[in-house]
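Residue numbering begins at 1 within each chain, and the chains themselves are lettered A, B, C and D in the order written.
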Amino acid sequence: MDLLEYQAKELFREMGIPVLPSQRIDRPKDLKGLTIPYPVVLKSQVYIGGRGRVGGVRFVENTIDAVAAAQTIFNLSIMGEYPKVLLAEAKYNADREFYLAVVLNRSICRPVLLGSQHGGIDVQTALEQMQHVVVDQDFSPFYARRLALKMGLQGSLIESVSTILEKMYQLFVQKDLDLVEINPLGISASGEVMALDGKITVNDDALARHPTLTALVARSDPGQPGHLADAPVAIESDGQIGILCNGAGLTMATMDAIAQAGGKPAVFLNIGGEMQWDASPTALRDRLEHGLEQMIQTKQVRVLLINLVSGLVPCDEIAAVITAYLTNRIRKPRSINEISPESLIAHTLRFPQLVVRLVGRDREAARSRLETVQVPLIDSLEDAVTQTVMLARATVRNS
Amino acid sequence: MNFTPDSKVLIQGVAEPLGATYAPLMQAYGTNVVAGVSPGHGGKTQHGIPIFDLIEQALPVVGAVDTTVIFVPPYAALDAALEAIAAGIRQIVLVTEGIPPLDMVSLLRKAEATETLVVGPNSPGIIVPGQVLLGIHPEEFYTPGAVGLISRSGTLTYEIALELTQAGLGQSIGVCIGGDAIVGSSFPQWLQILDEDENTEVIVLVGEIGGDSEEAAAHYIAEAIDKPVIAYVAGRTAPKGRRMGHAGAIINSQIAELGSEVGTADSKINAFRRAKIPVADRPWQIPDLVKKALKLPTRKG
Amino acid sequence: MDLLEYQAKELFREMGIPVLPSQRIDRPKDLKGLTIPYPVVLKSQVYIGGRGRVGGVRFVENTIDAVAAAQTIFNLSIMGEYPKVLLAEAKYNADREFYLAVVLNRSICRPVLLGSQHGGIDVQTALEQMQHVVVDQDFSPFYARRLALKMGLQGSLIESVSTILEKMYQLFVQKDLDLVEINPLGISASGEVMALDGKITVNDDALARHPTLTALVARSDPGQPGHLADAPVAIESDGQIGILCNGAGLTMATMDAIAQAGGKPAVFLNIGGEMQWDASPTALRDRLEHGLEQMIQTKQVRVLLINLVSGLVPCDEIAAVITAYLTNRIRKPRSINEISPESLIAHTLRFPQLVVRLVGRDREAARSRLETVQVPLIDSLEDAVTQTVMLARATVRNS
Amino acid sequence: MNFTPDSKVLIQGVAEPLGATYAPLMQAYGTNVVAGVSPGHGGKTQHGIPIFDLIEQALPVVGAVDTTVIFVPPYAALDAALEAIAAGIRQIVLVTEGIPPLDMVSLLRKAEATETLVVGPNSPGIIVPGQVLLGIHPEEFYTPGAVGLISRSGTLTYEIALELTQAGLGQSIGVCIGGDAIVGSSFPQWLQILDEDENTEVIVLVGEIGGDSEEAAAHYIAEAIDKPVIAYVAGRTAPKGRRMGHAGAIINSQIAELGSEVGTADSKINAFRRAKIPVADRPWQIPDLVKKALKLPTRKG
């Protein structure tokens, strides 16, 4: 999960990476209490890059201009995203702008230091000039100097840039990050260095052991990309098919097959693989119950394909969850005054058609059980996909 | 490599929920589970498996151990694996999902220095059908045979094992390198093992989006593998930047990946095609491609 | 350098090692503002051990008793040391008391974990039962579990004690310590663990990179044992000889030789070896000047042996420092009203006799130069020692 | 070991005060100083020695290096030594005083794994009289000969070298393992090297209080050394618990040392006596003991 610039800079400041005096602005009127002297830069705090090119960064000279500029930025969408916060920061006269990053490289299973003398908004030039150093053994500052030299630095800049890299690496390891990026690192005419913009990606799996990060992230937008999907994930706005599977690979393969057969998935939900250390032998049943509830609440789903490959739980027990859910859902006892004709109709209409394919033990018992609620048990993934797409087409024709 | 029924196997986290569930299943499959380790549970017995607080307490009792299968909580996994390495165990299967990647970096530095094989994490491990189960593969989908099946996922692997079994194609091994971004053993490592394995006649490689394992595998197959390989890649329609459930199955577009388009299904499929490796478009097409490779009669042809 | 118990416990608390609620008491009247409920334990904060046996720890039930007890403890010397601070702490009912420590073992160049089920004030039993685990590779919690098992722990105590050890080790490494000790670690009837007393020894050489420790130590007593000697160190209160050498080994060898020849060293001063990275080629001269000043100010010194082995600085330059010092000191121009007959006499009397032995280049020039101030240059260490002891005996006879 | 005049030597921290002072002295003594390293000073030349920013920049220019002598500030020393190890250098002399002990623990773990010899820290290094100087021993006290001199201190070692030289006893080597509590190479290691060295006929071991290096040496000599050894121990009258200037020369009475009386001068002298090793009571007695061991006529006998 990404942090916003101002959050990244809080961590930079703690680690001793130089950042400019700055202030978080939640409302335009906060600028009246600004303690940084003008001129000041106002920056839209969004997760997406490229805000500078579309007006998300503005220089202001006084309070009146600042409040007006803040109003504009708060109302400016950066590729569809509106900022909840701005950052007001002192202005800095950078002579040159470098790019620096520490990132985990999955191919070689090692952190990598990245750097270029051509940072800033021209990402293409930065990329062409990018140098990298693999941290193959335990980190020591000579790795940072190695990058500084590969970047072509000389004299005192070797030490000042490698010191920044050292601190970035410490932050990376101490906080279990996926990425720490400073772009640009401003270099003043006198050779001082300053982190002018920063990006940090925290690792979802490590988050729970970093209370300070957990607190930071709690303040963030949970809808940002990269967030762990424990709710159905929307695919196509005009799709009609819901896909519920167990396991990431199976979910992707099923979704691919649906699309290849001409179907349009609306949402998918992976109710989880089998490698969670604290999973009980019957975890799949509970997750299916919860998943069904979530899928049914997604109005767009007209056909729901349930494709489960189960090692531990017999298919019959899975089928029991489905039949119980259907029975409950459709015949749920309600108090008289809750039942209005509209709600009954809406309810009935909204309930998607089910295509159920289960693999595992006790499939024949599952088949019999599902027949009691008029749901056929399909044997092969191929047939399940064909059936799902056919039903979806019928739904579209009938609507 | 030593994955035979008589090789000695340890289960770390045997008293944790997942470990407690699978220890007897491994044993029932014929795996020689000699001991379990769970701190605080030393002295107990579980399904006839003696439990110790520490590996080094178990060794004098059960002798040298070949493989450990680890089911401990994610933040305890690095320590468990280092304990195993310190105790001289050189084959580690990490089942646990959610281990922080930098813990894996530390572990892999140590594993490389000690020539330890690490399978996983976030992996159902290894099954040699009819012989030994080192992990959580469900036995009912597998049957002994000549197809070496290597993958990055759990249930999709079982699905494909089942498709093969139903088509009369048994498996020499089923192994999953793990669904996380940072995993121990790699596709090329397993391709080499299976290329040398006399029970394997054909290899099925089940890839997915994210990272460049499949690209590396395609390159390695073209260079070094003599046996036929069939590939499949999941995630053609996966939305960009979304975590699918596997920490590793994600397409990033960050500058840190140097802007290249590595990681997409297209990139992987093209890599296989360039290496002249048949790619199944759908999972159920795999058995026919395997038969073609083995020059057996196929369903449709 | 050692920390006091209350300082060690501040670090324990930060690291998540359980400690009891406590409050620092600078004056007995501070107890009136005590926020911990009674009964409370008052503990003398001294560097030396064994305070419990001599009345430095007292249980009190109310404010009146507490103030009285505090007054007593503030006036109680523990082996010659008076506390500047007390610690008021909640009372704890420990069922058992363990000993735990992390210490750097110099023989094997590795940290070692130590533990015993028999902690508390009976050090002898703790020692007899002491178990240890060498942390030969990078630490991982299994080393802590290994110690817990060697200590004979079972069940949930394995995890709870090894978790404490883990945190002690983290503290040890993060703060570059020489020793972290918890004695006793209280174990309640229900199996809870609590650090009841703690000792931390910080490493002098690493101190400068730990600002929080530097701040803690600044509040401590600089006269405590283990502190780096950059001032003359007192040896025997009835000695008459001062020893000034460069280098620790040379200082010790010279001091030993003086004692073996029947001399009584009063103080010694090591003006430093040659391995300081930032030492200029002439550092020895500056240090000698400073050292002479310090030695002269030590009234007890009647004979001063200067034994310097110089690689870089020629003996002649060293001799020049000595002669300049003597000349300056004795003929220092003073304003009229400063010179009283008493001060002149005192000054002359106080100036010790010099025995100078220098080894290095340009010794003959040095010899000539020293002769100008009536100081002979001695060639061998043996002769210098003989001469020093002889002069000291003469001084004693003449006084 | 390679301490010959033609072995290639690097100086790390060559632009720091101590390094700048001693680099030309080492060179003047005949040491083959091929390069200096000081970040930010790359491209300069100092007394004819080319300076590089990083070791790996120097190697392509000067070829493989045998030994590095490190003069960097104490908190940069671990990194400098790791840089040297990563660059393939397997002999390290750490002159710098004040390196934190836990940095040394990290370094020694790495050095052991890579079979790297670390001499020091807080050490004047190694001198082979008339041939090569790897550190800061002053040349004027030494003369070539057959006495192998090993110690823990600087100026005291020079003092004893001078006593030997004045008595007509030259030295095959002068080496100081360092005055800190945690040091790399040990007395037993050097005893073994000198026992095998054909230029060494007798060994003088100069110990001091603190630690158990002398006790270990006494034991090792009794077990494994054939050549005669003379010992001296400084610090009989040193006050307990006081730092004498060497971080290592301190007698602790903490429980952590398990209450034993290891570390005192008595303990060390007794250990030598038990091993039947002659102990000089005063530094100036060493030459006579050496002569006796070599069966040469002595001053007094």
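Note that in this section a contact is a pair of C-beta atoms (placed from the backbone, for glycine too) under 8 Å apart; a residue touches a chain by one contact, two chains touch by 3 or more.
Keep in mind it's a predicted model, so treat the numbers as computed, not measured.
Student: What is the distance, in whole Å, between the centres of chain A and chain B, each centre taken as the mean of its C-alpha atoms?
Tutor: Centres of chain A and chain B (C-alpha means) sit 26 Å apart.
Student: So the centre of each chain is just the mean of its C-alpha atoms; given that, what is the distance between chain A and chain D in Å?
Tutor: Measuring from centre to centre gives 57 Å for this pair.
Student: Going through chain C residue by residue, note those that touch at least 2 other chains and give them in order.
Tutor: 137
Student: Counting only chain pairs that touch, give me the topology of the graph as line, ring, star, complete or other.
Tutor: Basically the chains close up into a ring.
Student: So which chains end up touching which?
Tutor: Per the contact definition above, the touching pairs are A-B, A-D, B-C, C-D.
Student: Help me check something: in the complex, which residues belonging to chain D touch chain A?
Tutor: On the chain D side, the touching residues are 39-40, 42-43, 53-54, 56-57, 76, 78-80, 82-83, 86.
Student: Inside the complex, what are the residues of chain A that reach chain B?
Tutor: Touching chain B from chain A are residues 101, 103-104, 106-107, 109-111, 114, 123, 126-127, 130, 136-138, 173, 176, 178-179, 181, 183, 201, 203-206, 208-209, 225-229, 233, 235, 245-253, 255-260, 265, 270, 272-281, 309-312, 359-361, 380-382.
Student: Taking the complex as given, what residues does chain A use to touch chain D?
Tutor: 137, 140-142, 145-146, 149, 154-156, 158-159, 162
Student: Please give the residue numbers of chain D that touch chain C in the complex, ascending.
Tutor: 13, 16-19, 21, 71-75, 95-105, 108-109, 121-124, 136-138, 140-141, 151-159, 162-163, 179, 181-183, 206, 208-213, 216, 232, 234-239, 241-250, 254-256, 258-259, 265, 281-284
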